[in-house]
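Structure in structure tokens, see below.
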């Protein structure tokens, strides 16, 4: 299940949904990313998340499809929020079930790693010194080379 | 927080507890292991989980301490159940928060990997052919060599 | 079918160009996404620098591509900075 | 302080030996955990095979150790099969 939405999500609800029909799966791995209170030393008050509406869903589906091709997975959920977010708010949820834990861990990390470099989202930070588009991180580009 | 208990745990509650005082942490990774409906081809009806009561808590604390030494982490929760468990029931919860996702993923997987080979728990399976102690898996021993 | 190419800009690039998007007529001189860039720069010379950035990403019909990717009439071509979601 | 060594068995080994645990008196011939094993086998010869298993794990005072680990009076020594939790 893939959702791109402005409203917040409920981790507990998404976790329960992820478990539907997973009797054969012994492992559930989830990742939640949220807005931190600091970035590169500047105080962050919040974020604005822009996206490319016609492309976003497709980009996320492609990443999930790749993960399902590489690993034997049960259910996969990806939720990404857009719009204005305050400190501490949730940005993204990735949930993966699998028969074995190694598959679940790898697929979950693979999905967030690729989302970071190939899904059309852009963060603008609101700091004490005004608004600023976030620069892409070299470490995110390096991270995907491991897959 | 480390708990060894007979009763079930609530993922939603544990997730919320894990988030306490984590404003500086942008990443939350959780792992839940549950009883699968199959193992090596035999139908499993349930499990009995034995442990070494005086040693268990200490063994889990040692693993968490190692993880905290290797990675910069926020909160860590480990819950492991003991006693009789039915198919689909939760066995173990690992939750880790960190400023960065790579640390959270690695520490969470490290903890469950080491738990699998060094925490004094033993599973006895109840199958259609009677009770049977589970054999340790070579793959679990190999998995820890990566750390 | 449309005889145009629909061009879109996002995030910091959208703000720099002060433009969400525009349409350009397709003609025989436009074969690749690099040609689309040339037409845009011919129309607005001060777009040269922002569109020349090495880190610029490109998508055709909602799929990421390289600048030698072929384009045809009716395509949606997007330019944007490196993504920063998640 | 106790002059004994407290021995415990778990899981499949406990069932094979049909014994949760027992105490043995400490004496000068007992230096390592391997010596503890020898005393147990001297008392119960049919424990030889189960205690000889290469995969057997050992703990002294709730910490995993190798069979050359030193033991002293008052220690708790545990033998058990490879763990299978998680």
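By letter and in written order, the chains are A, B, C and D; residue numbering begins at 1 in each of them.
Rule of thumb we're sticking to: contacts are C-beta pairs under 8 Å (C-beta built on N, C-alpha and C of every residue); 3 or more make two chains touch, one makes a residue touch a chain.
The structure presented is a predicted model; accordingly, all values stated were derived computationally and were not measured.
*Asks:* Common contacts of chain B and chain C?
*Replies:* A
*Asks:* Which chain has its C-alpha centroid at the greatest distance from the C-alpha centroid of chain A?
*Replies:* D
*Asks:* Which integer distance in Å separates the CA centroid of chain C from that of chain D?
*Replies:* Their C-alpha centroids are separated by 73 Å.
*Asks:* Roughly how far is chain A from chain D, going centre to centre by Cα mean, in whole Å?
*Replies:* Centres of chain A and chain D (C-alpha means) sit 49 Å apart.
*Asks:* Provide the C-alpha centroid distance between chain A and chain C, rounded to the nearest whole angstrom.
*Replies:* 27
*Asks:* Find every residue in chain C that makes contact with two or more other chains and list them.
*Replies:* none
*Asks:* Touching two or more other chains, which residues of chain A qualify?
*Replies:* Within chain A, the residues that touch at least two other chains are 33, 112.
*Asks:* What are all the touching pairs of chains?
*Replies:* Chain-chain contacts present: A-B, A-C, B-D.
*Asks:* Please output the residues of chain B touching chain D within their complex, sorted ascending.
*Replies:* It comes out as residues 33, 49-52, 54-55, 58-59, 80, 91-92, 112, 115-124, 133-137.
*Asks:* What does chain B use to touch chain A in their complex?
*Replies:* 11-12, 15, 23-38, 87-88, 99, 101-102, 104-105, 108-109, 112, 143
*Asks:* If we count contacts the way the header does, which residues on chain C are in touch with chain A in the complex?
*Replies:* The touching residues are 8, 10-12, 15, 55, 59, 62-64, 76, 78, 80-86.
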